[in-house]
Amino acid sequence: MEIQRVVRDLVTTKRLGTLYAKSLRVVEDYKGNLSVALDPIGCKPGDWVITIGISAARYAAGNPNITTDLTIGGIIDHWSEEEWRS
Amino acid sequence: MEIQRVVRDLVTTKRLGTLYAKSLRVVEDYKGNLSVALDPIGCKPGDWVITIGISAARYAAGNPNITTDLTIGGIIDHWSEEEWRS
Amino acid sequence: MEIQRVVRDLVTTKRLGTLYAKSLRVVEDYKGNLSVALDPIGCKPGDWVITIGISAARYAAGNPNITTDLTIGGIIDHWSEEEWRS
Amino acid sequence: MEIQRVVRDLVTTKRLGTLYAKSLRVVEDYKGNLSVALDPIGCKPGDWVITIGISAARYAAGNPNITTDLTIGGIIDHWSEEEWRS
Amino acid sequence: MEIQRVVRDLVTTKRLGTLYAKSLRVVEDYKGNLSVALDPIGCKPGDWVITIGISAARYAAGNPNITTDLTIGGIIDHWSEEEWRS
């Protein structure tokens, strides 16, 4: 899994049915690279999260028919910009 | 998922039957790296899209027998070059 | 999928039975990085191709028991070094 | 698999049920990039480990329903910073 | 698949049962990055090999229950440092 930070929501009105109506978040890694993760937890911008990729992302979404390759798996209790970039 | 931009169509007359007659698009990431994504939605050059990879790409294609590793999952409502590269 | 160019054949006399007797090609990406792809199509050096990775590579090989993680999926009709590196 | 070093534990009180109550560790690669791995072995900070990714990570967790994409597979008997970075 | 060179054996006395007693080798790519591959063939340091990743690695190991994400698939008949780095 990767340590990422939630940046903002992402709205895709025109989307595949296999993404259902699941919330998508833009997340960034410690280098500032942006990705899009499905959020089954309900995160807000600024939250430090762990993201789950590969086939596990579909199962983490609660239903393997949900076609995600990145899903937020949890909110980190204690993290800081310093730890991240060290 | 990744945020990418549709660059152009890609024609492969000589292709595997497992790609069926699905439309392929050249997409670029924020660094300008090019990939090829299957497009079940019907995008046009310039559209900002989210792309789905890993095994989810096959399911997102509408049929897991379609042998794609990258499929366009939706068109982003609001995005800009600035957000992308920041 | 990725846009790659066929460089040469690759001979591996001592190989796993799960690769059967399938042809392997050395392919390069636009940065010149080399990979090895299974070729079910019959490409020649210099051909511009799309390569399929992840679990889709096994299905693209014509038999999911073939243990490849990269398979050539088609030959691109029109491509050039310029488009590739732009 | 990758050679990584255990840095610290990671606590995520708010997490998906599909991660169960498994221990998570922050691990670093030789470039200092941080990832999060599920630890079925019981490692301590400083241990040199091999980490298993892709779908194998779920099976390595002892139950494929555990939604991890990185799992610690073993502790390396003899390794050193020098070998790692050479 | 990737072209890699076998560097040395890797001993992990404390390992998951899902890796069985399979031999592990440290392999390097042309940039000198190290990974760990399961070796069902019996390679020696210095051998040029192709490595198979993704879910195919488990099947290449001879048993999909073996939790590897990288498995040596064959020994390359003719390869050289020059071809590799060109």
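Labels A, B, C, D and E are assigned to the chains in the order they are written; within every chain, residues are numbered from 1.
Convention: a contact is a pair of C-beta atoms (placed from the backbone, for glycine too) under 8 Å apart; a residue touches a chain by one contact, two chains touch by 3 or more.
Remember, it's a predicted structure, so these values are computed and weren't measured experimentally.
Path length between chain C and chain D in the touching-chain graph (shortest route): 2. The chains that touch chain C as well as chain E do not exist here; no chain meets both.
Put simply, the C-alpha centre of chain B and that of chain D have 31 angstrom between them.
Per-chain Cα centroids separate chain A from chain D by 19 Å.
Shown for chain E are the residues that touch two or more other chains, namely 53-55, 57.
A ring topology is adopted by the chain contact network, closed into one cycle in which each chain touches exactly two others. Circular chain order, beginning with chain B and continuing to chain C, reads B, C, E, D, A (contacts as defined at the top). On the side of chain D, the complex with chain E involves touching residues 1-3, 30, 40-41, 50, 52-57, 59-60, 71, 73-78, 84. Across the interface of their complex, chain B is touched by residues 10-16, 18-19, 24, 26, 34-38, 53-55, 57-58, 65, 67-70 of chain A.
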